[in-house]
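The same chain A turns up in both complexes below, where it pairs with chain B and then with chain C.
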Partner chain A sequence: MTPIALPRFANVVDAAAPFALALALGAAVLLTAGFEPLGVYRLMIQEAFGGQRQIAATLTAATPLLLTGLAAAIAFRAGIFNVGAEGCFYLGGIVAAVIGFAAPMWPPFVLILIALATASLAGGLWLVGPGLLRARLGVDEVVTTLMLNFIAIALTSWLVNGPLLARGSANSATPMIAPNGELPRLLPPTTLHLGFVISLAVVMLYGIWSRFAVGGLRSRLVGLNPRFSRAVGIEPAPIFLATMIASGAIGGLAGGIHALGLVHRFVSGFSPGYGFTGIAIALLARNSAIGVIIAAILFGALSSAGANIQLFSDVPIEIVQILQGAVMIFAVANLGFIWNRRRNAP
Partner chain B sequence: MTGPQPVQIRIGARNLTRRYGSVLANDAVELAVAPGTIHSIVGGNGAGKSTLMRILQGVDWPDEGAVILDNQPVRLASPAEAFARGVGMVHQEFMLAAPLTLLENLILGREPVGWNGLIDWRKAKAEAARLAGLAGVEIDWDMKARAAPIHVRQILEILRLLYRGADVLILDEPTAVLAPLQIEELLKLMRKLKAEGRTILFISHKLEEVLNCSDAITVMRAGRVVANTTAETTSVEALAHAMVGDNVPAPLIETHALPTGDPLFSVRGVVARDPVGFERLGPLDLDIRPGEIVGVAGVGGNGQDELVECAAGILSPVAGAIRFAGADLTNASAARFRRAGIGYVSADRRHEGLCLAAALTENFIAGREHDHAFSRLGFLRGANIRSEAVRAFEGLGVRYGALGDPAGNLSGGNQQRLAISRELSRAPKLLVVAQPTRGVDIAGSAFIHNLIAAFRDGGGAVLLVSESLDEILALSDRIVCLFNGQIIGALNRPDASVETVGRMMLGRKAAA
Partner chain C sequence: MIDAFLHAALIMTTPILLAAIGGLVNRIGGLVNLGLESMMLAGALVAVIVSTKTGSSTLAMFAALAVGAVVGLAMSLVITRLSANEVIVGLGFTVATAGLVRFLLKSIYGVSGTYNPPGVAMLPRLDIPVLDSVPVLGAIVSGQDALTWLAWALAPTTAFVLQQTRWGLRLRATGAAETTVRAVGLAPLSIRDASTVFAGALAGLAGAHLSIGVVGLFNEGITGGRGFIALAAFYFGRTSPLRTALGALLFGSFDAAQIRLQGHGVPAELVQTLPYVIVIIVLTGLGISDRRGERARTL
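Right, the complex of A and B next:
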């Protein structure tokens, strides 16, 4: 008779707690550094949500996080601790960029569709290996997917330093993609682009799928209790594999959208850790679609406000990075839940 | 039946209330256990015994009221705090480290350390021998815990509490997994500990044992204490009546003439290993025909678990063949076993029979979520699912709050009804049932027995595995007895009795 389902209010408190704790920690740091915390926080909120331009910047920053958060959430839900979204993000980015500059004559719709589809495919295929290893042999996916990140980052870095290096370019980057391949801007002159809408739609589709689809129920049951699932005839192994591929595909799509929507090419150091931030987002969100949206926008706000705040005050950007780091650490406290579940499930 | 309150309370509860959501698990419970006595707590499922024990042990906390230790109300923050005050518990599921030896398990966490900072094994052995002598048992201390028979593990759990200095021992259904002789040994050990001044809280469904060993008896029902009595002044009938209220337990299930004809389910030369890799089952041959209940008797750990898992398709045998309704299912997946028409009621309903964190409806349709009745075009048909679930739950008398509640909110007996309702509503041809009434109260057990019998009367085949000999004798048309993984004897119900089957369980061939 263990109380398993907490009331909804407690869930909200649980999810908000990491932010509150991080803000308290940040306030302590600010005070020590001689700043007035409330003023700095007010300025940050202003810079994140204070007007159309600021909101657009926040949503732009949230765009990749929506999908990397989703990539993590869909995996965690099925009991797969996939930390490989970062690598998929790089691969999806480079694949979309290459198609974007290699096929400049295609009509925009076709070009974008094919580029994003191929980016997803690349991300999905990248995780087939870890998926099979987990499903067939029970190999821990944390290790395999983490290691594949390094391979993906190094591989793409080599490609943009060698075969794909833009002619005449000094930095490691592909040529710019064709204008046909760019995702349309939504609110020029801001950088908010169609990718935000696509990402938001994908997360909402996940929300519907997870609640109402047969597959959503199966993945939840397998994640909660693989032994039970097997006994009632839901084989966990195919679901592990499918989940891993779906998670990788979403990570690849995130990279493709980032390349076509914002960067307009692939550069070395393409992601400042979006895949890992996605893990924190999924943990904060407890794998729910609405939670992923809220958490992604909050992290987007932190990073866009952080970029601006040092323009308008003498608060160093490091203070924002401390905040981000603190939220992640407190969010990871939730990891205990997933970890316990894995341990208890034979 | 309320006796006078003892003046001296070693452990107890005052006006203790605990709610889980809308469920009142403990309702103003009063308990007073005198030092140096064996105090039994009996009650059906959902009576609130487990909740009370969790609170007495500091694992859970009361919403109102308090735990009493040595006449004083206290707040126990954790099991460690309870332990510091001398209260220890032996759980239904043993908490031993399987790869360690019994000696290592005994001292784990309180290792005697020598001058050099290393474990002082000589001291550990001496202490172990002293405890074994005190308990009047002989133990091979170098045996690995996973290789130890179940009653030895249990005795070790008790010795471990003594080693750590507990003088109040809470024993949660300690006899559930023991054979009759071993139960007698355990009761003897309990009396010995009592004679040394220790206090024992004994939880059991088996009323004969309770009467046999207790000084005082507390009966709980639906979260409340309904009677306080003593072994001298009560009887099995009076206790049973207090436990179930006015429900009358059902008598033995009628047996039929055995069906003849082709077997529905047939096992040939099957050999299976446990998760650690030991061969626990076989070679074994077994046939089950439609319209019969085949009961498998045996002391726990003689291959029953492996037989059940093979029959449900969870475990692949390392040798032999399994045929069902004309098809070869050897090495098929559990999903194929189920599609072929085999239902499975797991002995471990908390981890395998149900998904406690998932909703009642989700537990109900799990495995059939793709059926046309429950989904269309890959999407769940919520209204259909709910109405089907309500119908099935009503038919089986599952008591629940809301359909969206997690299954973990139900009491043990209702959880079992939920699991059985899912399996029966799939209309299987063979039902594999393991320990269907373990931890279920008398009325609930009778209800479940009648369900199984009705399934048989409708032409279903049943493989019943139970550690309760009474259950096997009450239900089975045919009884086979497992010993060391092999069938040591088989009897038809009219020829079977507690004595004949009990003898076989201990490894003696049936007197022909």
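Right, the complex of A and C next:
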């Protein structure tokens, strides 16, 4: 007989272990480079959560990650390996930025709504191809979505270097969006903006949908066992396609919010890999909504603290990237043997 | 003009071809390697460091090979022994290694992004007497470095080893029928690890070609996604090393063309997307023909 509390505890350990191992690996890297890891981590916690200003910066940094994490989670849950959120993020960003500067006379509500809706649409449409290929022809979506990332990044980079380049601007960027298109700030003078609330709300909606809606159950069944779900009358193909489009739309929305809320235009190199960090977040979260929120805030804390510790100490900000990569690796590794060999035995 | 282009196309093909042959062997052994980019980056950096420290480009080449192999082994062990998903681990290695390389550049050498030490010993270019004055052919075969020769020698060699030798058979069996391999008393996971080590070593050499064969310094963007273009090349090649080499040559030519076309109003960014577009088209075509094959069988 297994006590009921034990699996829950194991779940928490499951989620925390990759993070802890990544921190240990990061500590080893810091030690090798001659830094004092505990001091660095303490400074990072302080810079991430030490006061209102720091918390606001952390939540601002978590905003795009909430949605890229969700984009990955919703796909993984249905058994779809979509690694294309990064490309959708770029497309959503450029679409929202273009609408943001092209329609300066529209009232704010209308402008923001249309810009974000179009950004989601762009992201969703971008993944129709891989969705159809997977659903109809069984083509592996990992390669197609990965390749589409590079295409989206190059395409948007071409657009901002040529057709959409702001006049008189030396770097590759669109013009600034109209003030009407900017998402309102929540806590001036910090950069925390309405996008955080929107993103949080979308993740919570996903939480409710995945737990209580028929569609949520169906997508989970298809993800767990497509043959079984076909046997009970749930055709996996349409769900694969719909999930891929939804995942793309969420990625596009993330980019749109990032453009309207923080950057206020589209620049080349718009995302430092938010789509890939989203994959790590979804894995840590085991695709749950609450997990996505916690993991996104953790990663937001890492990147906002990383930027600050580079200013205040000479620890390079890249320690954050090392930790992110390590979390991805440990999150999928079967670490069961570390605390209980038998738990994962058949 | 055409001579210069052909020469450049071959130079740009080499890193893609090396990594793609490695990735192909790895995939035949049952592991899709999304970490080639990280092994290439590590190889490129180590080659510059060793080349500067020792003044020997040969030692630098072997060091790049070794570091690529070590990164490959680490990645492979996580995937085969901790039953981790190869896609995520590959991307994780790409992210973490890019971070680690930049971190080390800053904390050890105090430079941001570019490491350009004095006295990098470059890979020697092998000029071939007589042939080098023949137009076209001279540009192709003369003045290339040893890694280019190695890359092109590997394509037919790999094809031969895969099809005609015991090791090739074992590798193919590991990818196609793991349980059978285990049943005859071999260790499929170790064979798979060996194929990843091979892929890592070749990707490390690809990095060395970029840093001490082409530019003579290290830059954090030196690999420029070529690990993923190599992925495109071995998906293009399916199971054939020769088709993979053809894909690498095609994508290497795009790379060389894109640099040349920049001044002529052709947007380089759009040329850069071609390998990725072609792979999606190829995969679509394969999907359609597989589906047709299935239908034909069921009728």
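What to note about this one:
What we mean here is this: the second predicted complex is superposed on the first by the 325 of 346 C-alpha atoms of A that agree within 3 Å, B and C clash if a C-alpha of one lies under 4 Å from a C-alpha of the other, contacts with A are read in each partner's own complex, and residues count from 1 in each chain.
To be clear about the criterion, a contact is a pair of C-beta atoms (placed from the backbone, for glycine too) under 8 Å apart; a residue touches a chain by one contact, two chains touch by 3 or more.
All figures in this text were calculated on a predicted structure; none of them were measured in a lab.
Of the two partner chains placed around the shared chain by superposition, chain B is the only one that A:221 touches, whereas chain C remains out of contact.
By the document's definition of touching, neither partner reaches A:114: not chain B, not chain C.
In the superposition on chain A, contact is made by A:157 with chain C only, not with chain B. By the document's definition of touching, of the two partners only chain B reaches A:212; chain C does not.
Once the two structures are superposed, chain B and chain C can be ranked by residues of chain A touched, with C on top.
In the superposition on chain A, A:262 makes contact with neither chain B nor chain C. Of the two partner chains, chain B is the only one that A:232 touches; chain C does not reach it. When the two complexes are overlaid on their common chain A, residue A:194 makes contact with neither chain B nor chain C.
On chain A, the surface touched by chain B in one complex and the surface touched by chain C in the other have no residue in common.
Within the complex formed with chain A, the chain B residues making contact are 20-21, 23, 25, 50-51, 275, 312, 314, 333-335, 337-339, 344, 346, 351-358, 362, 365-367, 369-370, 375, 378-380, 382, 405-406, 408-409, 411, 422. Contact residues on chain C toward chain A in their complex (touch as defined above): 32, 34, 78, 82-85, 87-89, 91-100, 102-104, 106-108, 225, 228, 231-232, 235, 267, 269-270, 272-273, 276-277, 279-280, 283-284, 286-288, 290-291. Of all residues in chain A, those touching chain B in their complex are 1-5, 212-215, 217-218, 220-221, 224-225, 227-235, 346.
For chain A in complex with chain C, the touching residues are 29, 33-35, 81, 83, 129, 133, 136-140, 142-144, 146-148, 150-151, 154-155, 157-158, 161-162, 273, 276, 279-280, 283, 314-316, 318-322, 324-329, 331-335.
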